[in-house]
Structures are given as structure tokens and as C-alpha cells.
């Protein structure tokens, strides 16, 4: 146990699994699988496992994603780290091939693969593909793929272990802005389940649901609201697909108020699914979404930071519901 | 005015716009832009406009979609017909480049382009990419793109005129199974707006919202329910992005019951967005979704037809709400 | 590697057709006496290589290849008969007739049984039945699969375009143009990483050349020296367009050669040429020598695909291409290719080499016919699927909830 | 088309640097006396072509090219100074220093003003400022844009990686590896379809070679004979990897040649060579002769990108690559390339050809510096953006609703 950074926690899991399984491979492009942490040995997958198992390829994210799929189909556990600029370049092969293959073959295709898909969205000043946070919605509509998104170093490690051990193909969304987080993370391997939401705070006045990069602000907002005396139940989705309906419904059945917070664009953001699931199961509740508007992220920090949901937006929306 | 098939109605609009604008181009791959209709001249864009303007390319849907984008950026109106097998191959360029370009350039990029994206979903026996109907969700999360989906030959023609005349890039979803529909369609050009839902039947007991290939069954179900005495308001979304919230909210404010019907996978189907928008604006309503399960379409007709929502499913779900 | 010469091998004439069905099938060929233009319908591997490996093979192995060709041919003939005559039959197919020697020659050079981590893997296209049979799948269960039966090879989930049987290394059909070669190269990547001597093979049509994935596949195969074989079945057309509509090369292999990948252009109608090319490629890959690109010039006899309820010559049936929109297949071209039938070429080689008596070869065709007939009888009597099973196999465990009921 | 010879042109020594800043900038070059290895840092077009078109150009045009090179260089020097010294400055850049002759030589061969339907179009990469200046964008508004100002070229929406000014045919930067060349070929497709004599040009780095889009671009450009020019700026590295990690060819042009596309490999440090190659390509394209692939061997002096708050030599700054992970840039390599500076090469040519006196050329550098300084003064005094404007320009008309408030 030690205070560990996000990236170190993730690579610790990868390193462990690669040591366990000599066939496992890792493909990267820009982000070398290297991490250091005070008081811990440097992790460098490339030097430890060699360039046959840990490959730095050209700028071809579709090849990277397809190659790990092919590796998995041949019986090797495989993972790749897709940088955010290429986050949707492998979309088609994941959606149309990997997601359908087990079912299409009547259960014969085995795909023990993980696509780490970096998301930005925390970066004012970059605009367009260098600043967006929309991949959650695209990837969570795909059946046959487990899509998860951690929001803490602890979960990042535990979900990585679970993803690498899962026989199902996993899209592991990686919100780049959370890389600066550190917390106490065990040295031993452990799993965080791929299909369970986490109740971060309990309360009976209002349920706030978010995930990934939205979580730090939501927790801060919840704290402010709690200080004002409101009972806020904060749920971190973690698993976008399959979504943990039960935890959501149980909470809103109690609070009767649901606020969702997303950095994804409003239309079909994960919160839309959360509200729809709850609305089908709970009568008489009230609903509100806070999300990025249906506009691409502009470069100007003045515009961008105004558009991206923040603590104040969450607090204000919550107050209006209470 | 004459009884016209879906395909003929669409190509009539394309032919008209290509005659009006000698710079306009059309790129296709499998589906030659040819249609005939009893009592009407054969339309063949390739022979009429020549192979410089109407091109049959190799199997490279990303090139097709990117090429019309480039054509648009150079000042030429352009459209392409992407067959259903390749429906998500051009996803990235539409999502990451075209959708963001106008905004990213501060309004300088002009993209008078239309991607006709074929969807299957009506074909038991084919499985996987040859039978799915999920593209609506992926494309409707993209800002900066107008995503529409007609459900009648009349709308198919009018939306095609509107799409080709729009300065905005348009994803024109084309449910292949509706190709067999015919109806009275005017010979003259006319536009169906790119952002208005259509209220197909009025009623005050239940709102049913669907789109595209879901519509024929929904209308049949509504008729059966009306025969049983229920007042059903059927809304055809037509515009997935920007969605016509007002029509939806007005209807459910009246009926207080909302049933959505989709052939897309349940999680984040268009109905999720419909429910979320309404639930944010109407208190005390009840909600239900009918959708394809979160599973790829299997080949077996027994499995597939059971999974795809049909008239009986809609009627049953509606009855349970009334 | 390629060395085209102008003298076509002497054609063997053999009018003793083995059955009425066979005769019906080949009647087009019989209708024309036109000489075969050898130039573009026939391509050869380097002369010195011809027959080299194959000549050293045991008789049993050569006979097996012939039998495989017959199985593919008769699977299709029998299926076509079902389509034309059996109103209950629901299977469809992208027919492989005319191309049998390609799948057969390639798979004969592969390791097809043993534990999964030792056999060679084959990725197929939307035209998979020939590849599947050559790789060794169980024909009766494949027949059942193609008619959507619960006990089919893939439980009725796959139908034709997604059949798969990893137990024989047939990773499967994918129905798409583009992704399969890249994914197959990923298997080769894993094999190299784990120090295995396995080989990963993809079959892809001329249509696949234009897909952007083509570049990724070959570039990475070369950069990483993968044990990977790209078998390009150039049957001259992709759906209704000649390959010159999408490819500036006369030989698609030229494109591969530019990456520095060894290429071989072979006559895809001659199983021995195909085998030799594949053998060279497999030997190279196992020895760590990296990828090979094999272009087999071949031809499909039938239309792009065939479906039940077909009437010969009509859309969705088989025979000439009815949707001859952009560039159609000229009748003379089809007839000329049918003169060089892979079944006959294989049989003649076996007889010439003294591996088999002609009569024994003809008798074997009857045996295979009977075997296939039995496969169809078994397959088409299997139970239909259970609707609720559609909710299975989304993930490795469990089922997903139904959502169509609201 | 390529013809590499071994004798490098005699290096011109000129120690009269025009300013202290310039001297600071080139101090690395001054530190080494090592001879430049001519082989891979210098590449030449066919000898007969050298200087051919350029020698016939009016003096004014040649001087313009030199001035453009200076503008690009001083835009960056000035911006770098802002980053190092101005704590208020927010702009970042993928620096182009070292590569100026490529953008300049290519754009000098294009039609850069006139109505939009007559000018040539340029698609840029994630490293756009040099291309933009060479194509003729207004520098003050570009400076304002890069610092997120409301009156910037793109209203503060674009920043560096998405700048665009269609009025001069600069379609713009796209920040991505892959899509731009394909899209640019689509513009060429439309030009051909409407019978225009315009030309569409894309600048793309060596990193773009590996993208699957590379194949689509060249294949379709060839098949459809598009008026399209692919300018590959091979500066040897993509981010922290040498191009040999992703490309099996020594010249990336070899890959293009295999499609049957005419290719020219030029010394990207010499604006005259680049111009001649571009001129040949433009003439061919306008005459309906189809695409050309130009590979310019070049080098970036700075790190992959630079950002404010930089300290020289630290990550995110400029100088040597600090994140030398997979294959770093050896110090000797950087120094050797700096010996063949595009500014000096251009100046020496002008002096040699009698187009300009050396002193006049040096004076011009001072003028350009002053002009750029004024551009920064104007740009950095512009108003910041209005937050609500983020909801504009999603569609051609109207605004989208805010959604961050619930």
C-alpha cells in the first residue's frame, strides 16, 4: 500500500498480468508504458517484456485495436493504449466486429482483450479532437463490449485487473485529466467488478449520477450541498455497459430526485440512459441533466470552461431540485 | 404526383438538385443510382451526369465519406451513398472532423454535404453487420451534424431536398427495409424540414415515439389500439439531431404516458434521449421503452424476429401503460 | 517472384462426366468451343517452382486435396439444388465454385489439427464455405448452420457469413470488406510474441485491395516480420465491378511487393501451383522469415451470391450476373474460365502423376456426392432455434435481458 | 524521378548574423564544426530539373519567397520569446523552424488569390503555421487566434491546430494524423468534376504514412487522375519515433510510386528545389495529368511542440527532444541539419543569382522582424472571447442551447 498516481496504479496491474501470462501483449503508440512513483520501482513494460510483446507502432489506431483483437482470437491476452486523438479511429472494428463476434459465432469466438481508450475533455485551449469527451456514449451503445470508466486510481487499478482477466472484450475509458490524481492503492492485485456502480456518498434528498472525469467536481459539489444540510447520494457509474440499473433505481426510489452530470454532449449522454432506466422503473421522480452542450469544444478557455459542467453548475442544478 | 417507390422518390430529389447545380457530385459503391417507377422515366445518375460527377469507387467507405467532405470544403455540393455493411466505417471522419469543423474554424468551414447511410435491420437471416440497426444512436450524439431518418417515401424525398440544400452536413439515415414502401409523391421539389418531428396520429391517452424502420409497426399498433378505443398520439421523430423537443414535451404534457419504440439496441437508443428530454420537462408521467435487446442480431429468423420489436410488442407494452 | 509465360499447359479433354448434375453444372463450358486465352486467365509461379513441393507429397495427401476440391464443389452443387427445388430451404451462399483450388491448395500447406495453440489459423471472407471445408470443418454441422439450425456449427447465430470453428483453426468468415486482414495480422503478431511457430492466414478478394486496411495489414506485417500469409483471391470482380475500377495494378501482388513483402502470383485453378506457393510461404513464416502475399488468379462461376427461391439466371440466383451495371462479366469470359475447371485440373494431375486411376478418381466423386447428400439430409433435419437463445452469448456468461416487450 | 547524387552543394559560410536573437537561435549550429553528411540529410530532384523553373522567375517572386521564409521563421522566434518571457501569453505551437522552405516553395507555385472557386486549396497538418503563412493568411489575426482572441482569424475557436482561412485557400489545419489527405483528395475530386483547373494540396508528415488513409488517398488520386499534390514533409520523426519505426521504405515516395503516381524527392531545405518540384506537379495537375507525390527531406529544429511557461530544454519547450523514449534525435543529427538552414540557403541563392544584395537581404530580415513584432503587439492586445459564443457556429445558423446549467 502506498500513495500512488493513476498511471502507476494502472501499469502496476498491467505489469502483474504480463508477468503472470507470458503470452500477453501490449501495443502502444505515443504513450510509452512507463511510470514512476515515489518509493516504488519504475515500471517500463517495453524494457521488461521486450519489443516482441510490447510494441511501439506507427500512427494507425485501427491496426492497434484490430491487432489486439486478432491476438485475442488466437488465444493471447492482449491490450492496447489508444491516445485520445485516435479515440474513435478504431470505433468500427470494436463496434462491428468485436462486439458482435461472440454472438455471431454462437459463442465460439474468445476475445480476452482490452482497449484502453484515452479521453481528453479536461484541456481548455485545444479544441476539437484534442479537447472532447464524447466517446463514452459511442462505446456504451455497443452490445458485447464491456465499457468501463474509472474515476479514482484505486478503481483504475482494480478495473484494469478485472478487464485483463475478463473473457469479454473491454473498452477501458481513460480520462486523461484524472492522471494527476493520487491515492492509497494496494500493491497486491485486486479486482473491481466490471458491472457495478459505486455509491460514493449516501443521502435521501437527491441522487447525483456521474462517471469518469465528472466525478471530482460532483463529489466537491456534494460536499458543499451536504454542508448546506442536503442528503446527497452520489453514484459513480463505473460500468457504462452493462449499466448497474439496480443501484440507480434503488437510490432514486428513495430520493425521488435524479440529477445526472456528464462532460459528454447532452444528446444521448450517459445521463440520458440513466434517466430513461430510472424513469421506466420509478414513478413520480424529478429529473435533470447537466452536460456539455451539443457543441464541439472550442479552443478559447473562456468559452470552453464556461461550457464544461463544473462544481458551481452542479450545485446550482441540485439546489433547484431540492 | 404519382405513386412512387421510396428509392425513386429519393433519386428524383437528387436528380433535380444535380440538374440545378452542375458542380454537384454523387459517389456510390454498390448501389447504382438507378431507379425506375411505373409511368415515369428511368433515373440513372451515372449515365445522365457522367462518370466525372457520378463515380463508382472501390470498397472504401471512408474515402467516399471523406471525399464528399473535401468536395464540400472546396465549394461543391456533394453526396454519397454508403451501403449498410460500411455504415460505421466513415464514422470517425463524420464525428471527429466534419462535425467539429465549422465550430473549430469559427464558422469558416462550409460543408454542403450529405452522407446517405444505409441501415439494415429488416433482414432476418443475415446477422451481425448485415442485419443490425444501431447507427441512429452513434450518429445522433455528434454535434454539428444534422441527422435525419425518414419513414415514408414522401419524407424521404422532402428530407433529401432539404439535406442537399442545407449548408450543414447531414447524415441521412436510410432504412433499407423501407425501400418497398410506395405512396403518392409530388413530382415537384419540396422540402421537409430537418428539425421537425411529425405527429402522425393525435390522441390524449398515450404518446408513442419512434422513427425510421420502427414506424410502420408503430402505426399499425396504434391503429389496433385506437380500434380498442385508446387515444394514441404517434410521433415520428424524423430529426434525431437536432431533436424536436417541443413536439415531444407538448404531447406528453397532455398524455402523461410515453412509450418509445426502437430497433436500435436498448442502451442509449434514441428513445432514451426522448424519455430523458421529456422527463426533464414533464412531471408525473410514466415511461416505457421497447427496443432491440442489448445483443447483436442473430442469424436465425426464429431468434431474430422474436428479438426485433414488432406490432404485438408495441400493442402489449401500450396496453400495460393504459 | 512472378514469371508469366505464354504457353498454357495442354488442356486435358475428358468427356466422361461423372453425373447428370455435374453435366448440367458444366453445360456452359460445353457450349463453347472457343480456345482459352491464356494471358490473363492463367498466371504462373516461377517456373522452377512448379510442382516442386507437391511432387514430393505422399499419394494420400494429393488424393486428400482432390477430395477436398470435390467436397467444396459438391457442397455447392447440392446446396444450389436445394435452393432451386426445396421450398423449405432457407440457406444462402456466396458460391465458391471455380475457386476451389485456392482454398484447398493453401489449407493443405497448413497445420489443421492439434491443440488450439499449435494449429495454423485461417481468416475468411464473405465467401467462406470453401475455406471452411478446406480447413476441415465438419460439413454436416456447417450445412445445418447455413439453414439456421440450433445444432448447427454456430447454433444458428452465424449463418453463412459468420461461420467459425476455432477447433480446426478456422477463425471464420466476417462478411466485411476491410477488417479481416488486419485482425489476422494481429493473430500473427501474438504468435510471434509468444514464440509459437504458428501461421496466420487471411483469404481476401480483389475487392479488399481498395480498403484502407490493406495498407495497415501489409505495412505492419512487414515492419514486424509477422508469420502471416495474405491470400488474395483475385477473381477479377467485386460484386458488379471489375477490379480495374478500384486498383491501378494489373497484379494486386505488385502493391504488396512494394512493401518489400515476397509475393507469388499463381494460377488459382491449379491446386498444385497454389499448394507450392503456400508451402513456400508457410516454410518462410515458420522459420521467422515474415509474411508472404499470394495472389491467385481465379474466377467464380456463379453470380455474387445465391439465395433460396432462386430461378437460374435471375437476381439472387446463380449463373450469369444479372445486375450487370457498371462493368459486367462477358459471357465469353465466363465460358473461357470454365474451360479450366479446378476439379478437372486436379484430377488430370493425379492421373498424370500416376497417383490415381481415372476411374478411381471418378468413383471418388460419387462417394463425395453421397457424403454431401447425407450431410444435407442430416443438416436439414436438425431442430430450429429457440427464440430466447438470442439473448445468450453476448458475453461469455449469462444472458442479457429482453427489451422488446417494454 | 529521383536521382540522388553524392556531391552536396558547396556550403556557404556567412557569419554575419542579422541579430542577436538570430544568433541565439542558431547557437547550436555554431557549436559544431562537424562536416554535414550529405547522404540522408540532403536529397535532390533529378539534376536536370534543378533551378529550372525558378531561374526564370521574376526577381520579385524570388524575393517574395525569401520574405515568406523569414516571416515563418520570425513568427516562431517571436512566439518562442513570448513563451519564454511573457507569463500572460497562452498560445502554443508545433514549430516549423527548419522546414520553412517546404511550405514556401510549394505555395509559391500555387494560385493564392482570386475568387474561392479559382484559387488552389491547401490542407495542413497539426504543424500548420508555416503552411498558413506561406499560403498568405493574415499574420496578425493568426497571432491573435493562437492566443485565443475574439478577433482572431477563427474567433478563438481554433487556436493553433485548427486555424483556417478559406479566403486565401488555406482550408486549414486538422490536428489529426490520417484524415486530411483523404479529404484533400475529395476537393481535387470536386475540382475535376466541375471542370476547374484548381489544384488541391495536402501537407502531411512522415507519421501519416502509416495511417490507413494513406492508401485510400493515393489509390483514389491515381484511379481518378485527380489534380492533387501530396507533399510529404519527411522530417524523420513522428513525435518520439523515427520514421523507420513505421515505414519500411527509405524514401516514403517509393510507396507512392508503386501506385503509378509520379514522385519527386527533394531537398526540403532548398526553397528552389521545392518550388521546382511543386511547379512541375501543379503544371501536371492543371493540365489534367493527375496527381504528384513530393517528398521533401527536412528537419524540425525544435521539439515536437512548444507551450507557454516553457523553459528551454524542458518538456513542452523547445530545443532537444526531452522525451527521448523510443528512438531519440541524436544531438549530432540536429546540429548537422542546422548547418543547412533554409533561411541561409535561400539568401545565398538570391545573392548568388544577383537577385538581391546581401545587405538588402539582411535588411529585409530586420523589416520582417519588425512586421512580426507589430503583429504580436496587435494580436496580443485583442479582446478575449465571450463565453456564450461557444454555442455559436455549431450549424450555419443559430445557436445551440446551453446544457451545463441543468
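Per-chain numbering from 1; labels A, B, C and D assigned in written order.
In this section, a contact is a pair of C-beta atoms (placed from the backbone, for glycine too) under 8 Å apart; a residue touches a chain by one contact, two chains touch by 3 or more.
Predicted model only: the values in this text are computed from it and were never measured.
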{"item": "Identity of the chain that, by mean CA position, is farthest from chain C", "value": "D"}
{"item": "Distance between chain centroids, defined by C-alpha means - chain A, chain B (Å)", "value": "30"}
{"item": "Rounded Å distance between chain A and chain D, as computed from the means of their C-alpha atoms", "value": "37"}
{"item": "Where chain B and chain D are represented by their mean Cα positions, the distance between them in whole Å", "value": "42"}
{"item": "Numbers and ranges of chain C residues touching at least 2 other chains", "value": "156-158, 162, 176, 210, 212-213, 216, 219, 223, 245-247, 394, 400"}
{"item": "Touching two or more other chains - residue numbers and ranges from chain A", "value": "57-58, 60, 62-63, 89, 92, 96, 103-104, 127-129, 143-144, 242, 288-289, 293-296, 298-299"}
{"item": "Topology of the chain contact graph, where touching chains are joined (line, ring, star, complete, other)", "value": "complete"}
{"item": "Of chain B, residues touching chain A in the complex", "value": "88-89, 91-92, 95-96, 99-100, 103-104, 127-129, 132, 134, 137-138, 140-144, 241-243, 264-265, 267-273, 275-276, 279-280, 283-284, 286-289, 293-296, 298-299"}
{"item": "Chain C to chain B touching residues, read off their complex", "value": "90, 92, 148, 150, 156-159, 161-162, 175-178, 207-212, 238-241, 245-247, 325-326, 384-391, 394, 400-406"}
{"item": "Contact footprint of chain B on chain D as seen in their complex", "value": "116-117, 121, 152-158, 162-166, 171-172, 174, 176, 179, 182-194, 198, 200, 212-213, 216-217, 219-220, 223-224, 392-397, 400"}
{"item": "Sites on chain A touched by chain C in the complex", "value": "22-23, 25, 52-53, 55, 57-58, 60, 62-63, 66-76, 78, 92-93, 96-97, 102-110, 143-144, 146, 166-168, 242"}
{"item": "Chain D residues touching chain C - in the complex, by the definition given at the top", "value": "210, 212-216, 219, 222-223, 245-249, 254-255, 257-260"}
